[in-house]
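Structures follow.
One chain, chain A, appears in both complexes that follow, with chain B as partner in the first and chain C in the second.
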Partner chain A sequence: MTRVVSPSTSKGLATRTKELASGQGRSSIGAGAGADVKVDRIEKRFGSHVAVQPTSFEVPAGKLVTLVGPSGSGKTTILKMIAGFEEPSGGCVLISGVDVTHIPAHKRNLGFVFQQYALFPHLTVAENVAYALKMRRVSRAEIRTRVSETLNLVRLDGLGERYPSQLSGGQQQRVAMARAIVFRPPLLLMDEPMSALDKRLRDEMQYEIRNLQQKLGITTIAVTHDQSEALVMSDVIVVLDRGAIEQSGPPQQVYKHPRSEFVATFLGESNILKGTVAFHEGKPWLAAGGVRRVPLVESDGFRDGDVVAYVVRPESITVASEKRDDAVTFVGRVVDTTFTGDAVRLRIDLGWSEPIVAKVLSRHGISLFQSGEEVAVSWSLADGTSIRC
Partner chain B sequence: MKRSSLQTAALLLVPTLFVACFFMVPLIYAVGLSFGLPNFTAESYHHLVDSPVYRIVYLKTLKVALITTVTCLLLGYPTAYFVSRLHPRARATAVMLIALPFMLSVLVRNYVWMTMLQDTGVINRLLMNLGFTKEPVQLMYNQLGVTIAMVNMLVPYVIFPVLTSLMAIPPNLKVASASLGGNRLSTFLRVTLPLTATGTAAGALLTFIIALGFYITPAMLGGPREMMISSLIAFNVREVLNWPFAFSLATTLLGSTIVLYLAYRAVAPRGVVVKPI
Partner chain C sequence: MSKRLFEAGLAVYGCAVIAFLILPIIVIIPMSFNAAPVFEVIPSQPSFSQYQRLFNSPEWLTVLWRSVEIAASAMVTSTIIGVLAALGTLRLGSRARSLFEAMLISPQIVPSVVIAASAYYVFALLGLIGSIAGIVIMHALIALPFVLILVQSRLQSINPDFAQASASLGAAPLQTFWLITMPQLRLALIGAAVLAFHVSFDEVVLSLFLSGARTKTLPVKLWDSIMFEVSPLLPAISALVILIPLLVIAPAIWLQRRSKANT
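The block that comes next holds the complex of A and B.
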């Protein structure tokens, strides 16, 4: 189980509870609106099927955490339990230090962006956005200003009178965002907010959501099965597999130092070299086929004979015509090359493992290396990570 | 493209001709007769307006139809709501049970109600045996009996359209309402009710229109004071043989129905399409 450290709450518990219930206590959009969230050994079983194993993580105030994992890994279920749509089979959820596990959803005061937006089809955009304010009996004049403020924030000015069916997918997405943040919730939950958009729009929205989230300082938990989205948007990513956390941490760290083969292959592309640890002159090496191949980092505390998977990313690999001294270096033969637009992918046979994939930037769309050519492959010691199996 | 639209037209030709020959032509003929075809005279209509009996029967018909419709709504909507929340298998059974009476002849159903409601009927005997009353309660040959039977026959016309529109509401909308702070009541009032308004209005209108034309039930379960306009039409066709007058009554009934329908069209929410997401 992995934990993300968070600062503890400064406000008193009683004050916070009241604010949670009434949705007040914040004067304007933004301005320290974020709550910290603690999910403690939360679990969910459907009959005998375990959807979420006891899972704990924390979200510091104002941060964006992404739960990422393949379909069916329990992401939505975790989010629903935090929102109060689903009763946990065990464990608890603390928001700003208040245990909300048994508070019904409509009293939790959390923003939720649904996978398919779930906009009210019979209400205009403005009425959709105003919904939460009406529920809180905000005065009509204030509703008007806050709705237009929020529509402006998501760049939907002038579309307030339209019905959701008259909007494009991207615009509907923004309405869903506006509706979820207009009442200044201390926590925003988003379930695959961009899965219904095409790739171009998705890339654009990733930045937009990230900007908005940082501008408002709103604590956010997003769910996605798209690893690149997770890497782009998040302060922290939590990688889930089969209802349990595989690894969590800042995106760069998780990407660079995956702690399991699952994480290594799920987040981006990886070369995985299998072997055992063999010591030579007091230093650990990865041995494959009885031959020492790759020097390992000593501080990892290996023992002789440990079975390890050695991970190196395709973009960390340098391909050159001559061997270099200062790094891990091998000679191999190019199996094939693939042009991918911004880069060229080379598959190179080292003779003792599966062909290794290297990604080199392409300047003019042509590879400097041809199939069958003999090349030197190298990477720096720090770019490799070993996972004990 | 062209070919298939031609085929569609050919396919539609037969039913169109059928409806035109055997429904529209007689209908137009009947309307014509009410105006004294081949001459033109509004005599039948003068007769209708002048005679207080017909006005009373006409108003009575509207009143019975209205009471029936309101009762059907009050019983039908909650039933549909309950059925929509059942487990799919239980829901299928419930739908079958609601539709079951449609398979019985109207006549049989009226006789069933008579055995239930008469002075020596099931209900009265139960009430007396349990000591709630000494004398039998008058449950039929009055408006109560007519209403009970009509509601029983018409309530599915409310239940089914309402159930259909309830089932078409994406379940996430209710969850969304909750996440925005809506409790069960406000979610019902602001999401469920508006999204079922069209279905409910359709069911109510259908019920009202069918109720206007009820004939056998008022005749069997109502007293002489419960005569509805259909009985009057039948009476004029069969006994008095005053067809122009009978058809003027029928035309007035048809006219009211059309006016009602147009009124509904005018007030029904527009541009709201509930798309199952």
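The block that comes next holds the complex of A and C.
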């Protein structure tokens, strides 16, 4: 089994691999097998084109980290460098403290779920799932039990004899998962695992993958361009743009306190109010059109004249017929209303910025407000974030 | 109405062209079942006697068997080299790749008389004239472009994710090749091998130059017979030259059908 990882470079991983692969130590698929991962100033250039600028992040054992960013932002390239499919132009990857940068992919012992699944078309579902175990010379009897155990785990019992082409998209996705976790890798990599599924199935799989990941305690790095998927599934999200990290942190935190306009607009919908900082009675305000508009949080350390983008989420905004005292309040006029099923989107003209978008829950699908109506718009100070430009 | 007439006319014309091209090949077959010592499209004395004579003639049988041996050897050689070349060229940078590809495909671009003449010169120096090995080498060479093109286009259509998936599951590159790449290459390989066999089996020009009195291939012997004696055996031999490659192709087609039905 030492061929999995050469013992001279990584005894720890090799020993663990051996244990995991041969099924010693743990008789059934159990929790706590995750490795911690450190990506250190990894970068990739294709000729003169920089696909990934030096990038660092860490994934604690057992956590699920999602790399999220628009298409072409370097997500796949980062994942492939971690997997060993692409040689980094610089930097290194540490898995459980072992530098794997120069270890070939087939010795890294990582699970990989491909965007288009890449199920071997000439092998049955069971043979696909058994593949990694065969490579590890696991006994035939054990392969049989492990394969059926894993197919059971992804709710595909009884489909082992089918060929991939005889399965639906959702089932193929599960086979890809099963194939990648059957050998209990300490790290699972997933490249847009749900992009080929329709929306309903995708929502379902998000929860399923998350449950499975937590049940197995397997460290996971997923990639997606779908911000809602990233927010739903992850312990930590890493927002990428043009080959560099824009921001990372727990989903709630990144969502609530975007540090750049890019993050604010990429993750969910945002109202961005632009202006400059003006002090009044020793307190900072956002001023637009020469008028003080929104009080800012003092602790942010503003200076007079700073150019600021003020971000507030549509769902943080309360729309009422009358003013509230405890919050930032403006009077505006409803421009239009859009029914979106669970909510009504209102665009409201405040007179000094782009129309502001508010999302209010709809009861019986009827908006309480009509276009042209005058309303009071408010949000709590804590729901606003300012970004210095 | 006139459009229909035009289409009908076009169909008749097309059939006529095809008939003109194929009929001479097909009439060989009824001709071969004739006991009369003349060539007749409709045999006046229908019989298997020419085939009996052929299979009782050690001279012809030796040549037939030699041709099969040469074609089989050329097939194996060009298939192995062609697969390796296809795998190799796909890894090259675009400039080096087009250079190598042009080189490997040139045996089908350069006229065979030119290849034959230069091979004759080189083989004379090496003492390979009149040897089976010499013919096999040259047949493998002219079959190589077909193998290369078939295998390469199949390789390129295989999703590169498969190889990476296999590696991520712990398979070394050679294991990936045998377990993942080869099975997907199988049909292309069979096709390439059959084609290579066929190229060698009915090749005349190179064999004419390179074979000696004791290494005549079937087409060469056929050529000789046409030149020096018009034997009533000829239609039977020609029919065999047509049939043997068909026998090799049939299983390949059957396999292809079956695997299509599978997926």
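Just so we're on the same page, the second predicted complex is superposed on the first by the 361 of 389 C-alpha atoms of A that agree within 3 Å, B and C clash if a C-alpha of one lies under 4 Å from a C-alpha of the other, contacts with A are read in each partner's own complex, and residues count from 1 in each chain.
Operating definition for what follows: a contact is a pair of C-beta atoms (placed from the backbone, for glycine too) under 8 Å apart; a residue touches a chain by one contact, two chains touch by 3 or more.
Keep in mind the model is a prediction, meaning the values are calculated, not measured.
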{"item": "Side-by-side fit of chain B and chain C on chain A, or clash", "value": "clash"}
{"item": "Partner chain in contact with A:Leu368 - chain B first, chain C second, else both or neither", "value": "neither"}
{"item": "Touching partner for A:Gln116 - first (chain B), second (chain C), both, neither", "value": "both"}
{"item": "Touching both chain B and chain C, residues of chain A", "value": "83-85, 104-112, 114, 116, 118, 120-122, 131-132, 135-136, 163, 165, 179-180, 183"}
{"item": "Of chain A, residues touching chain C in the complex", "value": "4, 80, 83-85, 104-112, 114, 116, 118, 120-122, 131-132, 135-136, 163, 165, 179-180, 183"}
{"item": "Residues of chain A that touch chain B when the two form their complex", "value": "23, 83-85, 104-112, 114, 116-122, 131-132, 134-136, 163, 165, 179-180, 183"}
{"item": "Of chain C, residues touching chain A in the complex", "value": "159, 161-162, 164-173, 175-176, 179-180, 183-184, 262-263"}
{"item": "Parts of chain B lying in touch with chain A, wherever the complex brings them together", "value": "170, 172-173, 175-183, 186, 190-191, 194-195, 269, 271-275, 277"}
